[in-house]
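You will see chain A twice below: alongside chain B first, and alongside chain C after that.
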Partner chain A sequence: MPAIVEVQNYSWEYLNTDQPALNNITMTIDEGTFVGVIGPNGSGKTTLAYSLDGLIPGQYHGIKQGSVKILGREVEEYPRGELQRQVGVVFSDPESQFTAMTVEDELVFGMENLGMSIPEIRERLDWVLDLTNLAPLLNKPPYEISGGQKQRVALAAVLAMTPKIMILDEPTSMLDPLSRRRVFDVLARLKKEQKNTIIVIEHSLENLIPLADRMILLSQGEITMDGPTTDFFQHIDLLLEKGISPPGAMRFFYELKRAGVYRGDFPLTAEEGWKHLERLFENSTTEGYPL
Partner chain B sequence: MNKTLLGYVPNESPIYAIHPFVKLYFLLVVSLFPLFITAPEWNFLLMVVIFALMMYSRVNMNTLRIYVPVAISMGSIILLSYTVLGGIHPEYQLIIQFGGIHIYWERIRDAIVVYFRILPMIVTMVFFLTTSRERDLIVAMRSIRVPFVITYVFAMALRSAGMVLEDFQIVRQAEQARGFDSAGKSLFYKIRKYVMYMIPLFALSLRRSEEFTNALVARGYAFTGEASRVKRADFILTHYHFSTLDAILTTIISLAFVALLVLRYGFNYFGLEDSWIIEWLRQTLSS
Partner chain C sequence: MSENKAFIQVQNLSYSYLDGTQALSQINLEIVKGEFIALIGQNGSGKTTLSKCLNGLFKPTTGDVIVEGLNSKNTSIVQMVRRVGYVFQNPDHQLFNNNCWDEIAYGPRNILLPEDEVKVRVQEAADVVGLPEMYFSEHPFFLTKGLRQRVAIASILALRPQVIIVDEPTTGQDASQSYEIMGFLKNLNKEHGHTVMIITHDMPIVAQYARRVIAMGMGRVMADGSTSEVFKQADILAKTFLEPPQITQLAQLASGLGFNPGTLSVDEMVKQYQALKQA
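Right after this comes the complex of A and B.
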C-alpha cells in the first residue's frame, strides 16, 4: 500500500522553548493502517498530531525543519480548508472542540465548511449517526450531554467529513471505562468497514492494542520504538523504562518470563493471555518448566 | 422538557409550529408597541396578551417568578427617580411635601407611564427567550439572509457566555478548595479579592480560545464562510419551512403595528387623555 503520511527529518521547536518538541522524526504511514502512538507526557505526541493536520505551523509560531507530507504534498502547500478534507483531528477535551449549538449542527458544521451539498450532508449524517448511535441526541446542545457522548459527537463530527486520515489525540483521556469502550467500538467498526488511516494517541493501551496494526513510542520528541504491534510489545523493558505501563495480561507474562517460567511472546490481550496460560498449564504437566 | 434560552418548554408545544423568523419578528415589532402607547391600561393589556401566549405555548410559568423581584425593584427605582429625586417644578400640581422633597402628580403619572411602557417590552423579550433556543435565533437570522459569519459570531458569543460562567464556577471552586472563600465577608473585601477569580478566568479564556480556534481550523472553517472557495450549504435551514401559518402571523403582526400607528396618530387613541387609570389615580391622589 502507498504511504499516505511521509515525515522526513522533521523537527519542530515552539517559540521561547529550549528544546524541540519533536526532534528529527522520520516515519511513513501506509494507507489503511491503524497506528497507535504512545509516550509519556511531554514526549511530543500532540505536536505530532498538530503537525499532521497543519495546525503546526499554521496556528503556532516556531521553527520547523524537515518535511511533513500528506498524500505526497507538504502540509503548508494545501490551500485553506483543503488539508482538513484529508486529515481529521479529534482532540482530548471534547468540550473545547464544539463549534455549534446542537449535536446536529456540530455534525454538519464541518461538512458545510467543505462545501458539500444538502443531499450529500444528509447521507453522511445518517451514516455517521448509525455508526456512533447518536441519533437520540441530535437536538441536544453538545455541552449538556455526558463526557462519553461528547467525545462520540466530536468523533462523529470529524468522521462525517470522511477524511482519509483520522487522528485522535488522547480521545478517551477524560472518559470513564465504559465510555472509553464505546469510543473504541466506533473505531473498531470504522476499521472493519472503512479504509481510513487511523492514528490514535492514547494512554489506554487495553483498548488500543487489539485494534492497532502498528505502534510508535515517542520519548523526548524522538521515535524510540516503531513496529508492528506484536513485535512492539515484546520490548516491555523499554516501555517500562519510558514510563509506559503495559496491560495486566502482558505484565503478568513479563513477570513470568523474568521468573524464568515462560519463554514465548507476550500476549497482546487478556483473551490471548488466557490461551497462553492454558498452553502453559498443558505443557507444564507434560514437559515441565520453563516453557 | 426542551431547554430554551431562559427556561423550559415541553416537548409538545404549539410554539414549535412557528418558524423562528416569526418569533424574532414578533419580538422586534411587538416590543415597539409600548413606545406608541401612553395609556398604562393598554400596555397592561398587551402584557396580558403576551402572558396568554406564553401559557398557550406551555411555557413553565414557574420560571417567570424570578422576574417578579426585578419588576418590583425596577418600578421602585423609576418611582423614586421621578418623585423623590424628581426635582422642584413649581408649574406642576403638588401632591405632598416632606421638607425639601416635593411630590408632584405629573411626576407620579410619568413614572407610571414609563414603568408600564418598559414592562411589556421586557415581557415580550422574556416570551421570546423562554420559547426560543439559540438555534432558533440563528435560523431566524439566516432565513433573512444575514451573512453566515455574523450569525456564527453571534452564536459563539452566546455559547462563550455560558462557557465563561462555567469556567467561573470552576475557578471559584478551585479557590475555595485552597481555602479562599469570600462568603460572609464585606462587599468591599469581595470586590478587592475579585481579581483572584479574574486572573485565572482570563487565563482559562485564553486557553479556550486557542482550543476553539484549533477546532475551527480542524473542521475546515475559514472566516470568509468558505473553505477552499466552495459555496456553503445551510443544512439546518432545511428543517424549517415558512408555512402559510407563518405568513399569516407575520401579516397579522405587521397589520397590528400599522393599525397601532394609524390609531395613535390618526385618531389619537392610546393617549393619556383617554386613560381611565390615570384619571382615577389623579382624582384619588388629589382628593
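Right after this comes the complex of A and C.
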C-alpha cells in the first residue's frame, strides 16, 4: 500500500523556546496502518498530531524545517479546510471541539459544512450511530452527557466526515475503564471494517497494544524506536529507560528472561502470556525453554 | 487508645441528590487510622459522593457518618474538614489564589487561626509536600501539574486532617510522573501517619500502593477487603466492569498451575514461578 503520511527530516520549534519540540523526524505511514504513539509527557506526541493535521504551522508560531506530506502533498499547500477532510483529530478533552446544542446537530454539523446531500448525511449518521452506540442520546445537549459519551460523540463527529487518517490524542486519558473499553471497541471495529489509517497517542498500553500494527516511541522530540508491535515490545530495557511502564505480563517474562529461564518473545496480552507460561510448565525437561 | 478503633464509621449511609437521584445506598464501612485505601468504580458509581459525605461537604440523607466520634449531621464543615481532607481531581478546580503561599494559607485563615499559626501551618505543609520556598510567591498556574497537585495537597494538609482523600491523583500523568505523585502519597501514609484514600481508575497503581480496596457500583459497596482479596474476585469486579491489573489476570489464568489469583506484582509472580518450578 502507498504511504499516506511522509515525514522527512522534520523539525518544529515553538516560538520563544530554546529546544525543538520535534527534532529531525523521518517516518512514513502506509495507508490502513494502525499506529500507536507513546512517550513521556513533553516528548512531542501532541506536536506530532498537530503537525499532521495542519494546526502546525497554521495556528502556531514557530520554525519549521523539513517536510510533512499527507497523501503526497505538503500540509501548507492544502487550501484552507481541505486538509481537515483527509485528517480527523480527536483530543482528550472533547468539550473543546463541541459547538452544537444537541448530539445530533454536533454530528451533522461537520457534514453540512462539507456540503453533503441530506440522503448522504442520513446514511453516514446511521453508520456512525451504529458504530458508537449513540442513538439514545441524539436529542441530548452535548454538555449533559458523561465524559465517555462525550468522547464517543467527538469520535463519531470526526468519523462521519470519513477522513482517510484519524488521529486520537490520548482519547481515553480522562475516562473510566468501561468508557475506555467502549472507545477502543469502536477503534477495533474501524480497524476491521473500514481500513482507516489510525494513529493513537496513548498512555494506556493494555488497550492499545492488541490493536496496534506498529508502535512509535517518542522521547525528547525524537523517534527513539519505531517498528511492528511485536518487535517493538522486545526492547523492554529501552522502554523502561524512557520511563514507559510496559504491561505486567510483558514485564514478568522480561524478568524470566533476565533470570535466564526464558528465551521466547514477550507476550502482548495476558492470554498470550498464559500460553507461554503453559508451555514453560509442560516442557520441564527442557529447562523451561519454549523454543 | 486502641489502634483498631475506627476513625471513621459509616452506618447505613444513603444519599440522594435534590433531583431524587440516589447516589449512595446502604453503605456500611469503617476506616482505621493509617490505612491506605483505593476507592474504585466507574464514573457515577458514587465514589466522589461518598468522599464528600466523609468530609462533611454532604450530609447523609439517611444513616450516619461518624468521624472521630463526631456525627457529621451535627458537626460543622469546619470541624469535619479538619479531620478529613479532600483533594479535587483537577488541582486547577481548587487553586484560585495568586501565589502558592496564599493558596496554602487559605484554609487555616478560613478557620480563623491567628496569622502566626497560619505561618507555621503553611511552612509545615510545604515541607511535607516538598514545595521549595522559591515557589511560595509564584502563581500556581505557572507550575507543572505535578507541582500544582502538591500545592493542592499542601493546602488541604495545612488543616492537619488525619485522613486525606485524593481524587484521581495520576489522571493525565505519564508513568514517571505517576510514580512521583504516588511515592509522595505513600510517604504521607508511612512517615507522617496520614490515612490515605485515593480514587482512581488505574488498577496497576491500586495493586502497587493500596492495602485495601473498596469497589463501588451503582451507589453500593460491591467489594471491600485487602487489595489481593478484592482483585481475586474477578466475577464481582466484572459486574462493575473493572478488571484487575494484567499481572493479576495472568496469575488468574495460570491459577491451575498453582499461581495465586490474588497476585499483585511482577516480583510476586516471579517468586511464585521459581517456587513452583523447584517443587
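By definition in this document, the second predicted complex is superposed on the first by the 284 of 291 C-alpha atoms of A that agree within 3 Å, B and C clash if a C-alpha of one lies under 4 Å from a C-alpha of the other, contacts with A are read in each partner's own complex, and residues count from 1 in each chain.
The definition used in the following text is that a residue touches a chain if its C-beta (ideal position, glycine included) is under 8 Å from a C-beta of that chain, and two chains touch if they have at least 3 such contacts.
Only a predicted model underlies this, so the values are computations on that prediction, with no experimental measurement involved.
In the superposition on chain A, contact is made by A:Q97 with chain B only, not with chain C.
Using the contact criterion defined above for the overlaid structures, shared-chain residue A:R80 touches chain B, although it does not reach chain C. Of the two partner chains placed by superposition, only chain B is touched by A:Q59; chain C is not. Contacts of A:L71 after superposition: neither chain B nor chain C is touched. Of the two partner chains, neither chain B nor chain C is touched by A:L238.
Across the complex, chain A meets chain B through its residues 50, 53-55, 58-59, 79-82, 84-85, 88-89, 91, 93, 96-102, 104-105, 108-118, 121-122, 125, 139, 141, 143-144, 157-158, 161.
Put simply, chain A touches chain C in their complex at residues 40-41, 92, 146-148, 170, 173-181, 203, 206, 243-245, 247-249, 251-252, 255-256, 259, 261, 269-271, 273-274, 277-278, 281, 284, 288. Chain contact summary for the complex, chain B toward chain A: residues 2-3, 133-135, 138, 155-156, 158-159, 162-163, 208, 211-222, 226-236, 238.
On the side of chain C, the complex with chain A involves touching residues 42-44, 171-177, 201, 203-204, 241-243, 245-250, 253-254, 257, 266-267, 269-270, 273-274, 276-277.
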